[in-house]
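Structures are listed in the sections that come next.
Look for chain A in each of the two complexes below; its partner is chain B in the first and chain C in the second.
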Partner chain A sequence: MSLIDLLALLPVLILAFGGTAILMVGAWYREPRPLLAGGIATALIGAVAAGMVPPPSLEIAGLFSAGGYARFFTILWALLAAAGLMVATRYIMEKRLGAGEYVSLVLYAAAGMALLSSATHLLGLFLALETFTLAFYILIASNRRCEMAAEAGLKYLLMGAVATGFMAFGIALIYASSGTLALPDAALRMTAAAGGLQPWGLLGWGLVLIAVGFKISLAPFHLWTPDVYQGAPAPVGGLLATGSKGAVVAALVGMLSLAGPVWHDLVDLLWLLAAVTMLAGALGALGQKNLKRLLAYSSVTHMGTLLVGLLCQNTEGLAATTFYVVVYAITSLGAFAVIASLADQRGEPMAFDEWRGLGYRHPVRSAVLVLILLSLAGLPGTAGFMAKFAVFQAALQSGYLGLVLIGVFASVVSFAFYLRVAMLLFQPEAPAVQRHAGTAPEHAVVAVCTAAVLVFGLFPGILFDLIGRLLP
Partner chain B sequence: MSTLATLPQFPWLSLLVLLPLAGALLCLLHSGRPAECRALALATSLAVFGVALYLFIYHGQGDGRWLLYEDSAWISRYGIRYVLAMDGIALLMVLLTAFMQLAAILLAWRVERQVAGFFALLLLLEAGLMGIFLAYDLVFFYLFWEVALIPMFFLISVWGGANRRRAALKFFLYTLVGSFCMLVAMIALYQIHGAQTGVYTFVIGELLHTQLTAAQEGWLFAGFLAAFIVKSPLVPFHTWLTDALTEAPAAGSLDLTGLLLKTGIYGLIRLAFPLFPNATAHFLPILGVLALVGLFHAAWSAYHQDDIKRLLAYSSISHLGLVVLGLAAWQLTAWEGSLLLMVTHGITTGALFILVALIRERTATRSMQELGGLWGQVPCLAFFFLFFSLASLGLPGLANFAGEILVLLGTFRAHPVWAVAALLGVVFAAAYMLRLVQGVIWGPARSERTLPDLTLREWLMLLPMALLVVWLGLYPAPFLAPLHGTVAVLLAGGLP
Partner chain C sequence: MTTALFYILGIILLAATLMCITRRNPVHAVIYLVAGFFALALMFYLLGAPLVAAWEVIVYAGAIMVLFLFIIMMLGLAPQEVPEGPGWQRWLPLALLSASLMACTLLLILEDPAAGQKVGGFYLAPQALGEALFGRYAMAVEMVSFQLLFATIGAYLLGRPLPKGEDQ
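Entry: the complex of A and B
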């Protein structure tokens, strides 16, 4: 690796080395606040570096890109890590977790997600994916005294291991048939000219798709999601729901936008996956009695909608998908931040009974949560609507009327279950108990997410223009 | 002088939307101080009413062109523009909204629980309604169309009656299904138009001249129709309304019946008919039959209700059937009658909902079995009840009569059979309204308690409505004047 490569990799290096430094310091110095502040600062510096320091070359060792698109997601995930740490502060202090370990793991995860979003090589993709998944295994189960968290961690580990297996085997098959791991060549060489090995290559892509399906919980590989969301503490859940999925989708945008010939063979499969995922998520959410499980199923639906955007295979669709990823990340993070800010010694409010009438105790955060849920459902005026609008628009343009109608049906069902939560929050006859008032960093994260939901909802042009300039 | 002439026109229409929005925010900021919230809400809606009245007096005359038009870029990527436009019909609806909202605020004066939230939602609803009546870009319209649902949803689900949660969800989901159909149709129309002309835009005026095949036009029209028919509501899709109206708090019922229902019919006039003229021509006979079925079915149901609020809900559906019938006749007089009836129905039925709320406050019941003899106990209240009931059943000289007679005359010219059938329906209305009057204000008193008669606040609500009902009944010309040009243009298949 040359100096130029290293310089191009600077933002990720800042995250990784900053994380390591904090881990080392944390081994001797166990005061959580300065460590967390250091972690937040590192993440922010990483984001600034990604935005301000122009990369000397646009690709790094043939594995990763340092182009505008990659940098955009690097910034997003670094900021997400900073927000995740802000929300986690109280959790770490109350549960007496090792702040050094927690902070470094979050930073590693951010580094992994940033790399994943910029991967241009299947090997780079694999490495980045494993990097952040490994960090999440530990983060989910970071509170060893909580059995739910341990169970969630184990589930995530097992599912992750299976996915890794699929991924590695798939990559091997792709290599066998195309002779390269670099994107887009690995996909472009999948033409009939590849001869007898072409079916194996296609199988390889199918296996990679299954691995991706596990990671972003496409149906029927989504069954782990509700359990893991429920068990993971909200500050980790926030990262898991947004970054870990968003980074994979961002990589997928890069991958599929290039994968010409493979595309035609996979398109029916993707169509089916998108349809089943949207329906499974929406219908699964209907019976839930726990907000975190509900958010898990809702994320399944959202991933299905994202897949619709990916299917469109034109700049319209890719722009819509990218917009959707960003909006979904911000909105979901907001939801988890609200949950985390309400946690007290009884734990986080999860079951619907704990939310009943909470709107009269904590009106502002409850109203914000309603807004966020409505954005997830897709109410006009919020960012969630513009995201869905963009995806449906692109899908109709590409002729996927059936998927749009399924998506519309899923949206109607989503409204039903999100509105049920909204009604619970403001149910008059059952005043809930007082929960935690929340700390300043938590309020800041919630406020920023809320503002983003409204601004991107009313003035989506800002984000669309940016994305339009960055798309590969 | 020349500099004055080039100054951009004052954004009156934006003001109509933004004022209630600002009022809602202010109310939320003053939560915990109910008295200030009430004053704020009243001041805001008075200001909105003032603006609406000003527009009616100084900008109300036109020959079918836009009276006011505001246009600026919004989301350029998708050709979505911030367009607010007002023609004669919109003006009338804006005026009605501003007027009814005043009554709703006064009616909500006695709400005790979460006052700030209640008034903020009422004002938010007003902003949404203004937007629906004024927006002239499909996506912009859709924004208000959906946003107006949210405050009504919370008004019902938090302050409503015993089955409020079920009613609120039903209300929301029914209308939502229709709206989503419309959204898909909107995007499809946008793309067809863009592919033809190369101009991708959601501005309604530009989409008017899209060339559509018969099949395309039929499907797109069906998408729009789904939204508007559910909202109107025509009969097979009306069940959400009776539940929602029955469970909603008094001010919510008032806004729902007086204003929100009108948005469905308004959408037909403003969007569905002009955008898809050929499909409309094919569909009009079906629409007429549906309207007649609704008219009779609802009247029949109304006759058999015991809950007076439910009875009024069915009477609303029945009246709106007559309104739609007038539209289906596609004839100038009938259309003017329909539009007038929309306004007068809003006022008379709105007043009746207010009276039901007042009766409920005093007697704690809405069942006709337990009511009666109010004439002796609360003569002023009973007088207003009788007055508005007679207005509602179409007594000549009072408001509804003018609209009904125009609808019937116009329809008779186009489809005599429909008009004769509708006439029977109007007779039905007399039957259930008289039964209502008989059950509530005549007969022996059911309780010995002395009930308080109207207070000053209640007089303030009812008297202006009563005067307006008389005025509209005897001399509706000033309200019809802004309509002439617009309706003629619409019937000719265009928009201003």
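Entry: the complex of A and C
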């Protein structure tokens, strides 16, 4: 590691060492507000550093990239961490959690997600993935007074351990067949030079795909998602649904754009995964009676749709996928922020009965929630529609008509369950109890997410142009 | 010879790991895992990495497994009652595994009495390993050390007693 590497790594260093510094301060100074403010400031400084300080080299220690695409996601995850901390402020103070530990874990997770999105080496990919999942194991279970959180943490830990096993085995097989872990070569050499070892290399890529499937909850591997979302506190759930999945998808986009030929052998598998995932998510959500579980199934459907974009294997598909990741992250964070802002001493509103008639008590946040849910469903005019439209258009151009039909079917089904929540919220005959009024940081996050959903829905060109310039 | 040894060690490793995950008694499981680690260490030696083989024995089979045993005993997970039936039946699989491991080690010594350099056609000197770890892959080592730091924090955060007057 040289000074140039360290400079190129600056945003991640700010996040990681800033988090560690806050952890140290928090050991002696237990006042939560300054620690949280420090954490939010650190995340914002990291984002600014990623945007303003040009990296002296495009590669960090041979493991990570510091190119525009990597920097874009570094900024996104740093901002997400700041928003996650803003949403978590009241939760930390009410539950009397250690603010220092919580802040440092969120910043550390953001550093891991930023590294994962910029991985150009399978070793870097593996370590970055473990980095932020480790932080999430702890964050999910951080409220020791809640049994459901402990259960969710344990489930996520066990599933994560299984996924890690698949990932490590897959990477070992890829190495055995290609002789390298650096990303373009690990895939390119397999087709050319591997000879008889090529099937093992493909098996390795398949195992990596299974591990990725666990992390972003693709269909046969999605069963942990509703339980974990339900048990995890909403501020953590917001990060888990957006950052942890988005970072893995971003890494996949990077891998795919580098590693063309291998994926042609995996296309059928990806096709099947995408189709099953979209259907399982949409149909699974129909019977849910709990908003957080509903959001979990919704995320399963969205990850399936993302895979459709990845399948296209062209610039339009990758741009659409990246756009989708950003939009999904913003929208989903907004939904979890609304849930967190309504939490009071009775806990977070989750079951549908608790949402009934809430639109008359809290009209603004209920309306925002409806807008966010409609964006998740893909109502024209919202960012969610543009994201789905871009993905399906790229898929049609690449000739995946069947997948597009399945995706549209899943979207139509998803309208049914999102609209059900909207109807519950504004049901007149059942006036709900008053929930928490929310704090200024929570309202700010909700407002920013709502504004972004509308802006990217009406003017998607802003984001598309940016992504088009950054794609590797 | 080396190829044959590799497959024998592979079978031992798989058998030991299978026995490990099917045992009901955690102490027995740990002992089988140790046998598996020994087989793995010999495999690393066959691959031409004697230092990694030594670490496998010292760190995994030695330190970490002893830690496991400590934790099992501290938590009182080890069953107290003695199961029925003659003892040798329970220990026969482990004895077989250990005997085959011993035979493999002896064969390896016979094959390569000068220790290293000749077995696999590739030899990773400790110095080269250290240079790779702390030169080219320094960043990876730093990431792992960060992970260990946060794993410690997590263990402390989730394991410390709650303030007085609060139950779980």
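One rule holds for everything that comes next: the second predicted complex is superposed on the first by the 470 of 472 C-alpha atoms of A that agree within 3 Å, B and C clash if a C-alpha of one lies under 4 Å from a C-alpha of the other, contacts with A are read in each partner's own complex, and residues count from 1 in each chain.
We take it that a residue touches a chain if its C-beta (ideal position, glycine included) is under 8 Å from a C-beta of that chain, and two chains touch if they have at least 3 such contacts.
Please read these numbers as outputs of a predicted model, since none were measured by experiment.
Judged by the touch definition given at the top, the superposed model places A:Gly160 against neither chain B nor chain C.
Look at A:Gly243: by the touch rule set out above, it reaches neither chain B nor chain C.
Touch criterion met: A:Gln393 reaches chain B, while chain C stays clear of it.
Once the two complexes are laid over each other on the shared chain, residue contacts for A:Leu419 go to chain B alone; chain C is not touched.
In the superposed model, A:Phe464 makes contact with chain B only, not with chain C.
Chain A makes touch with chain C in their complex at residues 1, 5, 9, 16, 20, 23, 60-64, 98, 101, 104-105, 108, 115, 123-124, 127-128, 130-131, 134-135, 137-138, 141-142, 144-145, 147, 153. Interface residues of chain B facing chain A in the complex, by the touch rule stated above, are 31, 74-78, 113-114, 139, 142-143, 145-147, 150, 153-154, 157-159, 165, 168-169, 172-173, 176-177, 180-181, 183-184, 187-188, 190-191.
Of all residues in chain A, only 360, 363, 374, 379-381, 386, 389-390, 392-393, 396-397, 404-405, 408, 411-412, 415-416, 419-420, 422-423, 426-428, 459-461, 464-465, 468 touch chain B in the complex they form.
Chain contact summary for the complex, chain C toward chain A: residues 136-140, 142-144, 146-147, 149-151, 153-154, 157-158, 162, 166, 168.
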